[in-house]
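The same subunit A turns up in both complexes below, where it pairs with subunit B and then with subunit C.
On to the complex of A and B.
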């Protein structure tokens, strides 16, 4: 069975669990527990280990969807998961304190995936706050990683077509990057 | 809207091509201008460049792609004047994308030069834009290297006209880096053929019915 691991990372409250629920074709395995950091994200539970869902591509191939724990005290899980992942959908809630800095932090943590074109960024809750614009995120990411063009979209993690767009863009970007890299001619 | 006087001698443009040229020229001078685009038989579309926003009484899905006449009107406005309409309104990128795709009849925009190569500076926010899977593929290719229109079409196994239309749209949105032809153009390893036929993208696309 061919398997492809896609991570969903980002801070608490960004919608990682919801995104996996939206995309998964199986009942999502949820591992939530009481949130001891209500000052960071005002939700009763949060992902502490990992959430898991699947999309079957065929009888012999599946895409595994893993939600990465958002709190830094669980970052040992990040190392385990990112070694197995082909790509990552980074979700950041636009009403978080300093969301651009948060996004850059996660990109740094997952820089190996990013360098392979393996990151798509989704900005959630963009409709309920006066936070940064998509252009602001893109500009900050370009300034830090000028050789990469990371796709940045506003997303409603409950919206199937939007989450499929993020997933398909991620896969297309990885394959396009790979095609150019193997040819030895990236970023002319 | 009352700022636009009811006059009959406003300049008309031939479809969206001349409208695109007008929009492009205004954006190039970066002056505080308001713009009205009125396709024949439709209400005017108002653009406030200061806020990168537009307002239309209809959803963008009603955009008349084959309009043969578009009235264009501009009006200077002080930088600190109130917005033309209630903000945030709609993101101007979405209108520019639609105009760019439908202008020039599939030929390169008049401001593009033969031999130019293009690379994406940032992705468009496709969750807010009407798009196809082919648009995703062309955009992903443009994010990797500087490509001419011909190279983009070849790498994506897309029609030349499809590649041209997306370059027109992205250049109107000003999200492309444009360079004169480099000495050694990149040549992807039959990228599209593999992603479409054998790659996960192609298989997942088929599986999800996209």
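On to the complex of A and C.
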């Protein structure tokens, strides 16, 4: 059986835990702690180690879904989890202060995942604020990383079909890149 | 909105008292910290060890949450202790009863695990008692 490990990264409050709960076909393993940073994200709890879920995307293909904590003070978990991942769904809440800078910061931090597999970006909470548009994010990513192809979606992390679309886009990108690399090395 | 524990001076003072008493009871205590559930250091003992307190607090928070998740997954009840044993000592970690706080302590290898456990448990209980308003 083929398996992919996909990370969900992004700042606190972007909806990473919710996205994994939406997608997972098993009860999600959560590591929530009481959140003392209510001024940063007004929610009762926050992920302090990882979230874990699983989904079968075909009869022979399982995707392991790992969520990382959003706060930089947990970056040791980023290092541990990105070693085993082949791709990332980057979630950024559009009502965060300077969300484009946050997106670029996370892309930089997890850049090896793009070179290894692929990255898809989901903009959450785009309906609750007048933040940047999808085009704004795409333009900023292209300007900073002209070599990257990062599909950008607006997502409601509670919506199964929207999250499945983002996930399947990522899986297809990873598989296409893998096939291309394989064919390239065979041809050489 | 209440003041978080790591910014509450009364809690910080109580935590310092508990850790100082802990050190007085156990000379092999190399490092100890009380931290919030989400990884902020409330107070730590001055350490001769090269320890980045804020990083240790974050790692201790993750460990605590992971051990809770494992205990939950295996339906074993709640996690009481975490022990990391190495050639040069032990890291011992446990929750402060009834509070969103964790006690994490590093003991040298000249300490018995039993005594380290006992002192850690007593210190966590003391911290809990200090934070609980006395019954009228």
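Going forward, the second predicted complex is superposed on the first by the 168 of 188 C-alpha atoms of A that agree within 3 Å, B and C clash if a C-alpha of one lies under 4 Å from a C-alpha of the other, contacts with A are read in each partner's own complex, and residues count from 1 in each chain.
Rule of thumb we're sticking to: contacts are C-beta pairs under 8 Å (C-beta built on N, C-alpha and C of every residue); 3 or more make two chains touch, one makes a residue touch a chain.
No experiment lies behind these values; they were computed from the predicted model shown.
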| item | value |
| --- | --- |
| Between subunit B and subunit C, more extensive residue contact with subunit A | B |
| Partner chain(s) touched by A:74 [first = subunit B, second = subunit C, both, neither] | second |
| Subunit B versus subunit C as contact partner of A:134, first or second or both or neither | first |
| Contacts of A:55 with subunit B and subunit C, given as first, second, both or neither | first |
| First, second, both or neither for A:175, with subunit B first and subunit C second | first |
| Touched partner set for A:31, first subunit B, second subunit C, both or neither | second |
| List of subunit C residues in touch with subunit A within their complex | 1, 4-6, 36-40, 54-55, 58-59, 61-66, 68-69, 73, 100 |
| Footprint of subunit C on subunit A - complex, ascending | 29-38, 46, 48-50, 69, 71, 73-74, 76-77 |
| Sites on subunit A touched by subunit B in the complex | 4, 55-58, 61, 63, 117, 134-135, 138-139, 142, 149-155, 159, 162, 164-165, 167-169, 171-173, 175-177, 179-180, 182-183, 185-188 |
| Touching residues (chain side subunit B, partner subunit A) in the complex | 117, 119-123, 125-128, 133, 136-137, 140-141, 143-146, 155, 182, 184-191, 194-195, 199-201, 203-205, 207-208, 210 |
